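Worksheet for the structure shown next.
Here the chain labels run A, B, C, D and E in written order, and each chain numbers its own residues starting at 1.
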Amino acid sequence: MNMTQNLTKGFFKENPVLVLALGLCPALAVTTSITNGLGMGMASTAVLIGSSTLISVIKRFIPSNIRIPIFIVIIASFVTMIDLTLQAFLPELSKSLGLFIPLIVVNCMILGRAEAYASKNSVLKSVVDALGMGIGFTIALVLISAVREFFGTGALYGYPLFQLMGIEGFKGSIMMILPPGGFLTMGLILAFMQWNKQRKEKKKEVK
Amino acid sequence: MDLSQIITAFLSVGLVGAVLGAVLAYASKVFHVAVDPKVEKIMGVLPVGNCGACGFPGCPGYAEAVVAGKADITLCTPGGQEVIDAMAEIMGVSASAALPVVAYCACNGTKENAKDRFEYYGPHNCSAAVFASGGHKACDYGCLGFGECVEACTFGAMYMMDNGLPFVDDEKCVGCAACVRACPKGIMKMMPKGSSVYLACNSKAKGKEVTDACKVGCIGCKICAIPKTTPSGAIKMEGDLPVVNYEIEDTLTGAKFKCPKACFIDKSDSKKTAEEIAAEKEAFKAKEAKAAEAAKKAALEKAAAAKEKGSVS
Amino acid sequence: MDFSNLVIIAISSIFINNFVLARFLGICPFIGVSKKLDSAVGMGMAVIFVMTMASMVTYFIQYYVLVPNDLQYLRTIAFILVIASLVQFIEMFMKKNMPPLYSALGIFLPLITTNCAVLGVAILNIDTVWADGRSYNFIESTWNGFTAGIGFTIALVLMAGIREKLELADLPESFKGLPIAFVTSALIAMAFLGFSGMSIL
Amino acid sequence: MKYTFRGGYHPPDGKSFSEKMPIDKMPAPKIAAIHLHQHIGAPSKAIVAVGDDVKVGQPLSEAGGFVSVPVHASVSGKVKAIAKVADAAGVKSDAVIIESDGKDEFFEGVGVKTDYSNFSADEIKKKISAAGIAGMGGARFPTHVKLSPPAEKKIDYIILNGVECEPYLTADDRLMQESPETIIEGMKLMMKVVNAANGIIGIEKNKPDSIRIMKEKTASEKNMKVIELEVKYPQGGEKQLIVAAIGKEVPSGGLPMDVGVVVSNVGTANAVYEAVALNKPFYERVVSVTGESIKDPKNVLARIGTPTTELIEYAGGVKEDVYKIINGGPMMGAAMYALDAPVHKGTSGILCLSRENAAVYEEQPCISCSKCVSVCPSRLLPTDIQLNVQHKRYEEAEKLGIMDCILCGTCAYVCPAKRNLVHYYNIGRAKIAEMKKKK
Amino acid sequence: MDKMLIVSANPHIRDKSSIAKIMHTVNLSLLPAVFAAYWFFGVRAIFLILVAVVSCVLTEAAIQKFRKIPVTVSDGSAILTGLLLGLNMPGNVPWWIVMLGSFFAIAIGKQAFGGLGFNIFNPALIGRAFMVASWPVEMTSNAFWTQPKTGLSMEAVSSATPLNMVKSALGSDPSLKTVDIIRDAEISYLDLFLGNVSGCVGETSFLALLIGVIILIAFGYVNWRVPVIYVGSVFVLTWIAGYDPVFHILAGGLAIGAFYMATDMVTSPVSNKGNIIFALGLGFLTFAIRIWGGYPEGVSYSILLMNCTVPIINKFTVPKKFGFVQTKKA
């Protein structure tokens, strides 16, 4: 597998949220607007890259039977760093993501990559893999939050599209930015992906 | 931030960690319970993300299920192919060295070829239809055409054709024999991947009964099994139905062209044009005529030789 | 001890701010272990147990280790360490001393380590404040952990019951598996909206 | 007091076609095909060879075990072949095919009156078994086995089943009206065999004539009573009848003898009398040939082995609109496609239905209206069982009690979604039996 | 015989009932309620009901076409969903909200689960809950409820529903008595019974809905236990808690909920025992949400919540199989 493939596989083919169903909690909880989704995605990516790099650097020195606690501590350290950084520089975002910043620790995507990839591969490969996965995670979060923001408020990234198009009477469905909307969007996106996959398979069969 | 703060931070977390570590280390000795070493080995290769994607309660649960044989080794999506391979090694599920096989449908009773004996109403699947007086097909052994085999195929290698019979895509078929187990009539069978000609009938009934029910059913005439048609001996009769032994290499062209009911089907025919098939038939006939002539000649020569011998003696 | 505070905590963490359906905590096990009713009940019991224990232990860590040393920023690291160790300890203890309970609950324990609901409840115990600015005391924290676990269990058990029924349903191909699980969660979450604004007192 | 059970449903009974028709003795057929296996249990073994001459009542086979009974020639003539013949369900099995010589001669001793008053229980049982009697209600269980409970099981009651809850069928009804004495004598014989103190005859309320006659005839017998049962299908199910008569439920997986009861069909009682008193083996029985699509509905005394086609012709043939021909009643009988299938010991009727009555419907999804649950006499959850079988989850289906189902078809009858419930039960039960065998 | 006979499993005769017959009977039994909606809320009520019915039917047909499965709108179940949804709308709600709600009800509430018979939740209520969560102002604020008017006058005057009135009055002064509040608003029990009060267009008339449900019970399409126990338990609970029980059973959507939504065959338990538990749960939840909750009305949410529990109720109320209860020797 070359580097490009290694990078891009996380975007869609092995997207951590949409295909592997990892890291669902933040993907549903903070995706009420694109700003939040993007912020969460980038924060997680930063933690992922940091921890993957460090783990793959020191992988030789970690005794295998206590590797998991060590990984968790490493990840937790990076999370704390990110948490403090956000609090200092982006207090608004930090507030709206709230609880879910510290909870990046228990995002199984990060531990999963550390265990399945970084602890077995070279530093460069691990960084690329982490970057790819992080971008994939961000893509998924932005996608979900775009759907929710658009149908929920009629706006995209804060721009009120409906009003710009001159449709005044129509109001977005507030439910989409409430908890049920998160589940629903996720379910419908997954259903769409499954449908698309089956359609392609069927096409192949007909050929 | 002054130095003392860093030291307190370091010390307190270190202390918490040390205490917990010590307790756990002690506990792991005190509470040690023997586990199947295979489980531990599998735990070693699993990602231990405990994500639950496999449907089991965490990685240990999954590892135990695998060792107990209750779960497939393919359920760990985060681990991907590497984990599957590693687990396969631990579990000793090596890729079988046997010849690759593919499934085929041993029936050519299309809607046109085979008659119905009654109209069937009920659930649209084969095993249900069998419970209504053995199924609506006049032939007791014939394909019912509801496609339960296709449903059983998890590799997308089968589909139902318009003529009411299943089609097997040899390239996709992995030889798992799920369709063989699914068919209530025992029509789906396995053959080596490279072979092309197979017997498309499963009827163990006598000649008249078969002709009453189906245009292309095997009447048990034994023509295919005689050495003249199949010199290699790859076809043997078992009761009223011939059985092909694929271990003996043979193109089975004799059986294909000489069967009076055309029960032998050549898979490669679908890729050829009508002319090509006709030409092949001609070639076979010519070859056979030649062989017959040669045999005749040989017989004559033999007779002549015998005569000569006789005259000499 | 004000009993009414406990009632408010219970109503809030079971119904109004249900951990799964409103707070999105513990989605992975919620989706993963809700295929069978029996496992769902086992998992739920294990979560209740661990959440209660974790609430108790992290309370001590916070107020007797971190706060006196002015180290609140190490909260995340300290908590996750404690929780992970706690779970592992409980698991080993159960395996040895209570095999029947272990086979019923224990197998779910590892799954809980990385369950964000547990860390979530620990952090929420510290962060939530009453109207007068007071944080949860020890009993309130423990009670919050316990009731949040009950809320999680209720959601999990309802979901498992529905998913067992859906196994036999004639679902559209594209909705089979995860998609319908999420759609169902959405509809349950919508039903739980009925509890919003509820106050018994 | 109301005699009935919980659940059940009353479909329109359609008995008017043949209930007034006296039993009509049908001439012997030209060719009779007599299956060697006409009962539950081991098949019987043929003792005649091709070419042998046989006479009416001559045994053609011997029992193949304890749970097995012989079959007897129903016509006199020559054994033409012993070959596989399809039965009403389309299953092929060995049968003795006899070509009639038209003389209808009796085998030695058949039909000779004997004084049976001094017979011991064992002697009676032996006679019953030798006569090849198997339950005539449809289950075809060998009667002598039913009458041989283990020593620790005390039998208190013989219950005669004159319920005939299947719509259309009238064979038992006619038999009760035309020969009540023999039925009562047969019951007395059975009571003697198992030493039962009481005899009960259960008859559904929609047969007032039978009830009147049986009551008159048993008036002098102290230990016998006739009970009038509510009109509800499947009142004639063995276990349902026991509940209705004595209020006890046969435990799941158990037999009537577990509650001290032996249940027998009225036809069987008649056959027992004939076997013991007249030395006449079981070679003919009453069959209702009925339905709206037959020209001349009848109750026929037909020889075992008579082809269905001849029965239909004897009843005037089918009408144009015939759509389905059923062996047995409309609720539990089997639809036939091969009309040369011969009459069996368990054939209680041949039913010709028109499209209007026997329409088949496309299945619709279950809307859990729970009608099936309220009518199920076994108190199961029919739709859950069906869905589990449909999704090949046989263990679940077994847990839900598919094996306790009596296949009566009431659930499928009432289902507004027209689901083929019984069809799935058949599949599920077969698969579970298969799985158990493997273990 | 040369004619091909039919073979299928027993039984060979079938009852004449059918799903379409059941559904259409239920639809017809709603006619009194539709008439009451027209009588009290005018043409706009009929318009809303029509929008709902047409959108439901079109959605169902479109999805079934898209899935390439037989279109089954003629069985009347989509019409029923539309009718119930339309009857559950405030009089002044914008029509496009009704349309979107109907779409959601059928697409997500029903077809995503595989269509008729497999839905876990009552589709009409899913539609309504979706609308309440999405457009709370239009669906619940006083400006969108209309004052009933007898006859054909066309102007619509907005007014709070009795439940809203009582809830907000009690919120400001808990010591008030319900009876006094409604007397001050000039609402009599008779008004509540007939439907001459503000509210959703089809829910106000207890009388019309009662006629409908009696027809259904007579046909055997509704298990009488559910409506009776549901209404009864609300009555008893509000009575014990010191509220006005008669007001609580007559006001709001309890009638349409108890008579039509809770009794939906698909989403209610199978056994009688299950139905009793189901109805008791409904009664308690409705009481809890009305009295303690943030909403003045709790019927639709309680039914949705109990719908979630139906699979579990079914699991634990399996009837005792024949032969497992040994009756004592007589």
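To be clear about the criterion, a residue touches a chain if its C-beta (ideal position, glycine included) is under 8 Å from a C-beta of that chain, and two chains touch if they have at least 3 such contacts.
In this text, all values refer to a predicted model and were calculated from it rather than measured experimentally.
K.L.:
What are the two chains with the most C-beta pairs touching?
P.N.:
Among the chain pairs, D-E has the highest number of C-beta contacts.
K.L.:
Give the label of the chain whose average Cα location is farthest from that of subunit D.
P.N.:
A
K.L.:
Based only on mean CA positions, could you tell me how far subunit C sits from subunit D in angstrom?
P.N.:
Each chain reduced to its C-alpha mean, subunit C and subunit D end up 61 Å apart.
K.L.:
Could you please state the distance in Å, as a whole number, between where the Cα atoms of subunit B are centred and where those of subunit C are centred?
P.N.:
47
K.L.:
Mind checking the centre-to-centre distance between subunit C and subunit E? Centres are C-alpha means, answer in whole Å.
P.N.:
Taking the average C-alpha coordinate of subunit C and of subunit E, the gap between them is 33 Å.
K.L.:
Round to the nearest whole Å and give the separation of the Cα centres of subunit B and subunit D.
P.N.:
Roughly 45 Å separates the two chain centres.
K.L.:
At least two other chains touched by the same residue of subunit E: list those residues.
P.N.:
Expected reply: 5-9, 108, 112, 114-115, 117-118, 130, 133.
K.L.:
Can you pull out the residues of subunit B that are in contact with at least two other chains?
P.N.:
Residue numbers touching two or more other chains: 17, 21, 49-51, 53, 117-118, 121-122, 131-133.
K.L.:
Two or more other chains in contact with one residue: find those residues in subunit C.
P.N.:
Residues 28, 31, 74, 77, 81, 85, 114, 170, 172, 175, 180, 183, 186-187, 190, 193 of subunit C each touch two or more of the other chains.
K.L.:
Going by the contact rule set out above, which residues of subunit D touch subunit C in the complex?
P.N.:
365, 387-388, 390-391
K.L.:
Provide the residue numbers of subunit E that touch subunit A in the complex, in ascending order.
P.N.:
Those in contact with subunit A are residues 94, 96, 100, 108, 112, 130, 133-136.
K.L.:
Quick check: in the complex, which residue numbers of subunit B touch subunit E?
P.N.:
Result: residues 116-122, 131-133, 136 of subunit B touch subunit E.
K.L.:
Name, in rising order, each residue of subunit D that touches subunit E in their complex.
P.N.:
Those in contact with subunit E are residues 11, 167, 239, 246-254, 318, 322-326, 330-337, 339, 351, 353, 357-361, 364-370, 373, 377-381, 383, 400-401, 404, 407, 409-410, 412-418, 420, 422-423, 426.
K.L.:
Over in the complex, which subunit D residues touch subunit B? Could you list them?
P.N.:
89-91, 334-338, 360, 363, 390, 420, 423-424, 426-427, 430
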